[in-house]
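The same subunit A turns up in both complexes below, where it pairs with subunit B and then with subunit C.
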Partner chain A sequence: MAEFWRWKEYNWHDENKDWRDGELITAGVDVGSVSSQAVIVVDGELYAYSNMRTGSSSPESANNSFNWAIEGTGLTLDDVGFVIGTGYGRVNVPFSHKAITEIACHARGANAMYGPSVRTVLDMGGQDCKVIRCDEKGKVTAFAMNDKCAAGTGRGMEVFADLLAIPIGEVGELSLDVEEEPPPVSSTCVVFAKSEATGLLREGWSKSKVLAAYCSAMAHRVVTLLEQVGVEEDFAITGGIAKNSGVVTRLEKELGIKALPFDTDTQIAGALGAALFAQNLLRKKLAKAGK
Partner chain B sequence: MFDKFRDWEQNRHDYAKDWQKHNGGKVIGYFCTYVPEEILYAAGVLPVRILGSHEPQDVTEPHIFGMFCPFCRDCLAQGLKGRYDYLDGLTIAQSCLHIRQTFTSWEKHIPLEFTYYMPHPMKVQSPRALPYLVSEIEIFKKAVEEWTGVTITDEMIKKAAEVYDENRRLMREVYELRKAENPPLSGEEAMEMVISSQLVDKAEHNEELKRVLAELPNRDTGRETGARLMILGSEDDDIKFINMVESCGATFVTDDHCTGTRYFWNTTPEGNGDMLESIAQRYIDRPRCPSKDWEDRSRLDHILKMAKDWDVAGAIVIQQKFCDPHEADTPTIRKALNDIDVKNLFLEFDVTVPLGQFRIRVEAFLEMIGDEDLFD
Partner chain C sequence: MKAHYGYKDGAGDFFIIIDTDNCIECADHPCIPACPESVLEIIEDDYEDMVCAVTMDHRKKIKYSCAPCKPDRDRPPLLCVTACPKNALEHLW
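So, the complex of A and B:
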């Protein structure tokens, strides 16, 4: 049976750059509840990354994502001066020098990805969702996290992709293919929402319409969270759901605010922030050592 | 140094049973710190505050609505499971409806020789609150006299108040020491100290406090102070949570809890010699529970002053889930803290707290208020 939730794993490195030309090489490893990313930064510039599914062991996921990020670059762990672990498994990154929360890392990552004008970051992750306010440096000034359920997260979207047999990457676009916006599913729990969706399908709703109802419910839930801390522009979204136009479009509509467009993979924001913090700490460490 | 307090806190039932055996006196369980314990103590009764055990349970569902606070359900579970089977009596002073439901259900299902529901002014700021409370304490006193067969004289109340006031003063002295750059005790130890004071004979607690205070100023805890935090909100005896936060590189230096400062902050005023009035005045004046602190919210100034005096870098605002009085106060308090630039984190407590989920919020909060320079 096809696994419609299964998103593509990938790695990338900058072919036009040679890390050997750089001075400060650092890494950030974000072991999330659903996906893990490793990012290598050379002198503050994104050099390589990977994005893969988190396995049952955090240390293994950390190792795998790091090894995949450096694949084909000739880089080894010994060449990396400072590693920061973040995410759900942040304390289980065996080769890290320090752990920092994904809240701080996403703010820092979004600052690098979207520029210093970002004041509100919405991270829609695999199993949690956070709203982070930050200053021009990307330092957190306030935050809120969902704490009741996983309905506004990637895991919920995966459940729906599977239920409707729609590849996860197509869910967003398909949900926009409706003549009229249906009312959102009322349940806040993924499992109940799934039951509700099954009922709607039985009533003859199209897949697009059911997805529209779910994306809109997710957008609405997230807006509630955003309102807890307040939204100040510029507004940016990180995490996997940032790539889901069905949720983002509805979110923007409800907020009356546009999210900044992105040209860097939104799922690496946390690991990128971690790698950038690592740059600062490595620089300070070297300065202290008189190098 | 704080082992005795911890021992009392952890073995509260053993203590009460031993006390009962050795003193031959009666033990009464009470809900809510508005109960005028001095009256009970004067009659030779040991008042012990009923608290939960922080274990999941399935016995209260038929008695208390699921959207009443976890604390009131946890307390009732203790009764229904027979953990307080040694109690001779049970009492409550009216504060919130949730805990009153616990009292009512307990009274209905667990036979006791004495139960007493004490009305208590809900608007303690009113000038009519004092005469109201004096007369309620008077009636309460008579009920206790009838139950125990002891005639409670003014002299006995005065003596009881002296013991209680000494306890309050000594605990406040301990809190004063927490103003130090490196406090000689952790927030966990402070919480154990105050909670244990609600569980044991105050005279005995005073002796232990004096012993601790003699050594405390010179104590080196051997731990890093880290970020100075205060914790405030509804009933909180979640020592595991305090421990978790302090293990993340922080120290609680003060609190506004009924298991903390609200319980012992002020002492009985001199007054005009009428002991009942003096005692009533103290319960009117004490740092207030939000169920009674309307509409001036005197508690707000108290919290803000404490935040300044204890030089806190941040505050953790907690409440028992569904605690209406605190839900009403929380937004105002958080705003006021923000206005004086005390960053704060809000968390909702349940019978058991999700330590992993809370840890990330706490760590992120500490990173936010911390001065570690991750930035250029």
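So, the complex of A and C:
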């Protein structure tokens, strides 16, 4: 049976760089509810990462994502000076020196990915949604998080991809292929939204139109959370939904502002932030030891 | 930092906002014993400050945890909000 919700898992490392030339090698491991990422940073620069589905065991997911990130680099855990765990499973990263919340890590990661002008970060994760305000250093100044229901999350979008038999990576573009924007489906519960969508398909709605209605509902739902905390430009989106043009376009329209474009995988923002926190802590540790 | 603890669902928005920049200045944290449901606790946040937060146990059921202090009629001042000497606590509902 085809798994339309399944997104591409992958690893990457910078082949033009040799980690042996670096002084500070740190790692961040983000064990989320749906996906896990590991990021290796060498002297503050992104060196390697992996992005994979979280399994049933957080420690195993942490190990797998770390091992996949360092695959083919010659790097071992012993070469990494400091590791920080983040995400839902942050306290279950067996080799981490410290755990930091994903809120602080996403702010820090977005600051590194998008630049110091970022003031509002929307992290649309697998099973939660976070709005984070931050300063020019990526320090959190305000946040709100909604993790009580799947509406407005990546998992909700996966449910719709499966329902409509559309690969998850194509959902966004397809949802924009409508002549007129349909009214949104239920934005308060993904189960109700799914049954509403089934009814709409029975009424003869096209898949594009149903997806447009769901993307619109999702955008509206996160806008209310954004308005609660307040939106200040520059505005950046992290997490998997940042790759869904259907949600992002509708979100931008409702907010009246554009999200910053990205050239790094938005799903690694939390792990990248964790790796950068780790770098600061490693520097402090070495200074304390007189090295 | 303005930390919003709680959730939004079909029934509404249920958040307690804690202004940690004000909270950090308080040594005694009288809000904690003032809460009859033990909703609040002191934590070390990500920036190593000791601040008040809503406990993990209550974050997803805060509407019900705070319900005893929020009768439909003749609502008295909230005990936690009144106890806070720094005006760092706010309920959104």
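Everything below uses one rule, namely that the second predicted complex is superposed on the first by the 288 of 291 C-alpha atoms of A that agree within 3 Å, B and C clash if a C-alpha of one lies under 4 Å from a C-alpha of the other, contacts with A are read in each partner's own complex, and residues count from 1 in each chain.
Definition applied: a contact is a pair of C-beta atoms (placed from the backbone, for glycine too) under 8 Å apart; a residue touches a chain by one contact, two chains touch by 3 or more.
Just so it is clear, the structure is predicted and the values come from calculations on it, not from any experiment.
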Simultaneous placement of subunit C and subunit B on subunit A, clash or fit: clash
Partner chain(s) touched by A:117 [first = subunit B, second = subunit C, both, neither]: neither
Subunit B versus subunit C as contact partner of A:137, first or second or both or neither: first
Partner chain(s) touched by A:281 [first = subunit B, second = subunit C, both, neither]: first
Which superposed partner A:103 touches (first subunit B, second subunit C, both, neither): both
Which of subunit B and subunit C A:195 touches, first, second, both or neither: neither
Touching partner for A:225 - first (subunit B), second (subunit C), both, neither: second
Contact residues of subunit A, present in both the subunit B and the subunit C interface: 100-101, 103-104, 139-143, 145, 147
Residues of subunit A that touch subunit B when the two form their complex: 88, 100-104, 108, 137-143, 145, 147, 277, 280-281, 284
Contacting residues of subunit C [partner subunit A, same complex]: 1-4, 7-10, 13, 15, 46-47, 60, 92
Residue numbers on subunit B that touch subunit A, as the complex places them: 343, 348, 357, 360-361, 363-364, 367-368, 373-376
Contact set on subunit A toward subunit C in their complex: 100-101, 103-104, 133, 139-149, 188-189, 224-225, 228-229
